[in-house]
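The following pair of complexes shares a single chain, chain A, combined with chain B in the former and chain C in the latter.
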Partner chain A sequence: MNFFHKAASSLDVPEIIDWKKSGKKIVGYTCSYLPPELFYAAGVLPVRLRGVETDGLDIGDAYYGPFVCSYPKRILQLAGKGRYNFLDGAVITPGCDAMRRLDECWRKAGDDHPGILPGFFHFFDAPHKDEAHGFAWFVEEIRSLMEKIREYFGVEITEERLLEAIQLYNRGRRLLSDLEALRCNPAPPVSGADAFAAVLAGSVTPRDLYTRALEKWIAQLDSEKTDYRNRKRLMLVGSVNDDIELVRLMENDSGALVVAENLCFGVRAAGGLVAETGDPVEALARRYLGESICPRMFGKYSERLARLKETIQQHRVDGVVMQNIRFCDLHGAENALFERDLEKIGVPCLRIEREYGPLVETGRIKMRIGAFIERIQTR
Partner chain B sequence: MKQNSSKNGSIVAGCDVGSLTSKAVIFDGKRILSQKIIRSKPRPEESARNVMGDALALAGLSPEQIEYCVGTGYGREKIPFVNETVSEIRCHARGAKWLLPTAETVIDIGGQDCKTMKINRDGEVERFMTNDKCASGTGRFLEVMARTLGIGIDELGSHTRLAKSPVTLAAACAVWAQADVVQYLNNGVSVEDIGAGINTAMASRVAILVNALKPEGDILMTGGVARNQGVVSTLEKLVGRKIKKTRKADPQLAGAIGAACIAFMKTQNKGAEK
Partner chain C sequence: MRPEMREYNYDWMMGSTLKAASNLANGFPKEAALALNYIPYARGASKALMDEGDPGIQLFKLLSNYYENILLAHSRGKKLVATSFCFSPVIFFAMDIVPVCMEMMTGLGNILWKRGMSDYLDFAFEAGLPETSCSSQRGSMGAYLAGLGETIDFVLNNMAGACDTNANAFAFLSAYLNKPFYQMNSPNTIGDPRSEAYHLADYSAMIRFLEEQTGEKLDYDRLAEILAEVEIQDELITDVEEFHMLKPTPLTPLDNLILYVGRFMFSGRVEYTNVLKALYQKALPKARAGISGLRSGEEKLRVLMIYIDHYTFDFNFWKWFEENGVAHIGSQLSHHFRDTVPYAADLPGSVYSVDTSSPAAMLNTVAQMNARGPMVRSIRGPYDGPFMWLEETLTLARHFSADCAVFNGTPGCRNTWSNNKLMARDLEKAGIPTLILNDDAFDDRVENWDATRERMEEFFTIRGLL
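Entry: the complex of A and B
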């Protein structure tokens, strides 16, 4: 568990440091629509970019302005302070408009703060629709990224290597499905914070080490050793979150347990398997673009609602906490729709707005979540 | 429980340590035996001790005579003497139910937040909405504005009635609104006209939350701002419904009363579970 918590809560991940020391390359990426398998296949460590451990926003605010989500701002803040100087490359994806601007803002900040822009800096586009033309475009984006990797890092991504990477990532996905099944149990063997840390760690650590650690950890989970049977069961959804403390805040001394989530950085990104037959690039495209679970994908609300309802049922969820980072239009709007449609069928919902970053609004958030749990308990 | 004791003998207390004021109520299940409101101290422990000490003294009771005490408010985790803590949302709902048994919708404007809730027959919360970390739409907003105008916060309420041509405050932000107020003062606008504008600005912020909740049944307003007639009457216009007030007790005490009601319920359920 320490392996996961360490990786999930800090930028100084021992496994990343070891990787760097051995002379191998590292690339940061911003979005769950980028297939990290590509980098793994090239022998480059893909690390999901985060904004943890920031203590100010002077650089982030300078390039972004005030009315923008604090998540990309905090990534830029860390980059500006040189915390991401260990990266050999970065890939920016327009997950949403604020994330798209990270490309421009980071480039501009690179002029003013020399040395913070990685040598390999790539814009990986992802369409907002998965229809035929969008799919063809996305396949093209993947192939062009592979070509850029070959040019810059001098590594050819062969079909064989790519398939190996796909198989390894799929193994992790199956393990995460096992973990999710355990969380459906009336007495889950794991807290929401631990489960979230275990998933999150996969986005920043070498995948082979991670998969082994995950396998070992899941094998020893045991409901007999925990006492989560009589807790109120919560689900956490909404804007990007990579802060285990937010999950802890919901669970500690509250009589509640987080038994499910639908978050970028969470199991949602783990998602379905990539086909291991046929053209691996197309298989990746089908899995990554076909995952319509992020509200960035147009015309897929009813699919997302159906999946949410399914999870609520399977995980026996008593209430859904919907958070959105201030100025997050995608999740702000989506949460309002979810609330409307879930309350209608008797699922209690709580919407909260928060800032991304070190949890500073604990009093405000805890009061709301506390009252929400009371509402569920007195039903 | 020597004196003041009710038939079944339980005397309980509710203690609400808020961001601006701290409130304590001593309660016997039917009547409020004593009550106290003080300005909150920097440390919640200190606020709680002071306000509860005063309330006990007023009732002529010692701490040992309190059978059960529930704490609430922003400082609730830090109150040393409580048996249990409950969120202020639930306490305000219970308090509102006690103050007005027919209440179905509750609007509470506290020092640093504003809550609206729908409550069921038992006084439990069915749905609630809160403003987010911003001073406009909270008691703090009125306080800052009253200070800028150089008047007491209790005077502000009458300005809506007294104003001849109320000003409009463009900004929804407390800091910018304050700048607007200073500008109006410099231009020689009357204090009443500005005060009425402040009440309207406040009511507009609150109306957003109230309308989003789709109020039903009797609406009760609690919290210190319920005493501001200007805000209440403007809010009634904006929401299109009558807002009830209570004479049973100071609306500012609703949270502490709710805490005391929950405390009393505890003493009645399965004996004293202390």
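Entry: the complex of A and C
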């Protein structure tokens, strides 16, 4: 478990440090719509960019305006402080307006803070739709990125290597499905914080090491020896969250257990399998663009609601906590729709607006979650 | 929402106000002046437009027609589509669909009503649109979410990739009202063959959506007629833009608004051509004589609005320009990107051409035109990318002889608030003093107009501009 928690809580991940020491390349990326398999196939470690361990926002605030989500600001803050100097490259994706502007903000900050801009800096233009022309555009974006990787890193991503990467990532996905099945049990063998850490770690550690660690850990989980019986079962959804402490806050001394998430860093993004037959690039495109898991895919609300209802049922969820980072309009609006439609069918919901980053609002959030659990208990 | 607000249909209220106001100018001047005493709230805005002469009066009639079309759409057997100001309405007119442009309606409500759109803004928040989301849609959208407008039949938006907040608001509207929705999407670049092909494919799919919603095939003969009208309008706009480049400009500050409101509401319709003709005729003598369009007759400063205007009560924003002898030389909304405008050669990727030689050519024309509306054109890609915000602003500043630049927007604009500081820095480096305003163009409660005015005056004074 330490492997996962260490990787999920800090930027100083031992496995990343070892990778770098061995002379191999590392590329950071911002969004779950980028297939990290591409980099893995090129022998480059893909690391999902995060804003953990920031202690200020002077650099983030210098380039971004005040009415912008704190997530990209904190990534920029870390980059500006040199914490991402271990990266050989970065890929920015238009997850939302604020995230896509990390492209310019990072580049301009690079003019003022020499050395913080990685040599390989790419904009991966993922469309907001998956109709035929959107799909074709996305496939072209993948192929173009592969070409850029070849040019910059001097590595050819062959079909065989890409298929190997897909198979490796799929192994991890199957294991995560096993983990999710265990969390559906009336007596889950794992806390929400541990499960979330296990998923998060997959976005920053070498995939082969991660898959082995995940396999070993899941094999040890035992529903017979669980401490997590008879707790109120919560689901956490909404804006990007990579902070295990938020999950801990929901679980500690509250009588609640987080049994499911629908988050960008969670199983939502890590879940579905990539087809292992046919053209691997198209298979990746189908998986990464086609699942419409994020509100950035406008007009797919009913699909996401259906997916949410299914998870709520499978995981026997008693209540859904919906959080959005301040200025995150996409999740903020969708949370309101979810709340309307889930409350209608008797699923209690709590909407919380918060800041990304160190939990500066612990007391407020804890009080609201406490009140929410009281509400569920009186049902 | 205040209970009394729920007693009135929003479209009916706006339509009735505008219909009455548009008749003001039909009487003798004394009659109109007397009538103004009986409309204390709408007096300032009505007088401001009437003082503009024929273009202002024409705009009043245009606005009145716009609401009449909405109010009577269903009884005339037409469908109502909720859409954005960034979407060219020509395709709706070609398919006999009546557009309901959310941002225009929010702006109008703010200008005409003393309390602005606050009740509707707040209702949209109650319904679930975050209070931090863009107020330009949230205002009028609040009325439709509350069931206080005409029934929307379907929703169409083209802002994904350019302004996700805008796209998200329309996606929310469709989900909340359970109405069919088509979302168009802009790539990160403009003017290159790949993005143009994408726009065409996206637009073609959108046409299929419209055909499904209306049960009618697109009539290309009708589209050709509309595009012929667009040709006339583009020629007039090109002339007006050339006038605007003159120093002093013969146009008034409000002429900018008249130019773009008309285009967003009635592009391709003869009503808008009449507005443009009136604008042209009014400005021509002053252009010939080299006289400023400002009432004071003296142009002290030329200000380029690099984003949008401020839609506060009574046209107070534009009145400030008039009262201070400042020429408003356009915004991202008022400048036009037909290949005939004088600055087209400097921004080849940003402009569209019109080709009516075949159905395929027409389809491509409207697709590319639609991709060159405000925002979708120049804030889709990185602000410093080819033909994007910085290049466009520097080009316009050069052609229109801007003395300074002012950013005004809404706190809900994640996109521009994520790079307006970078823009300001680059513009200052290029020698263009630049002010970033913190107000909300559609909600005076964020910062009242007097405070915004003072910030502008402070900037112009400190920088030695006024």
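What we mean here is this: the second predicted complex is superposed on the first by the 379 of 379 C-alpha atoms of A that agree within 3 Å, B and C clash if a C-alpha of one lies under 4 Å from a C-alpha of the other, contacts with A are read in each partner's own complex, and residues count from 1 in each chain.
Methods note: contacts are C-beta pairs under 8 Å (C-beta built on N, C-alpha and C of every residue); 3 or more make two chains touch, one makes a residue touch a chain.
Note that the structure is predicted; figures quoted are calculated from it, not measured.
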So, after the overlay on chain A, do chain B and chain C clash or fit? They fit
Message: Per the contact definition in the header, classify A:Pro127: touching chain B only (first), chain C only (second), both, or neither.
response: second
Counting only touches as set out at the top, which of chain B and chain C does A:Tyr40 meet: first, second, both, neither?
neither
Practice prompt. Could you tell me if A:Arg364 is touching chain B, chain C, both of them or neither one (first, second, both, neither)?
Written response: first
Inquiry  = By the touch definition at the top of the document, which applies to A:Gly299: first (chain B), second (chain C), both, or neither?
reply    = second
| message | If we overlay the two complexes on their shared chain A, which of chain B and chain C does A:Phe327 touch? Say first, second, both or neither. | response | second
Query raised in the report: Once the shared chain is lined up, is A:Glu374 touching chain B (first), chain C (second), both, or neither of them?
Result: first
Across chain A, the partner (chain B or chain C) reaching more residues is C
Shortest Cα gap between chain B and chain C in the overlay, whole Å, is 5
Chain A contact set shared between chain B and chain C covers 353
Within their complex, chain B touches chain A through residues 74, 86-90, 113, 122, 124-128, 130, 132-133
Residue set of chain A touching chain C in the complex reads 62-69, 72, 94, 96-98, 100-101, 103-105, 107-108, 123, 125, 127-129, 131-134, 137, 140, 295-296, 298-299, 301-302, 324, 326-330, 332-337, 339-340, 353
In the complex, chain A touches chain B at residues 343, 353, 361, 363-364, 367-368, 370-371, 374-375, 378
Chain A partner, complex, touching residues on chain C are 127-130, 132-134, 157, 160-161, 163-165, 167-172, 174-176, 181-183, 185, 187-188, 194, 198, 201-202, 205, 382-384, 411-422, 425, 438
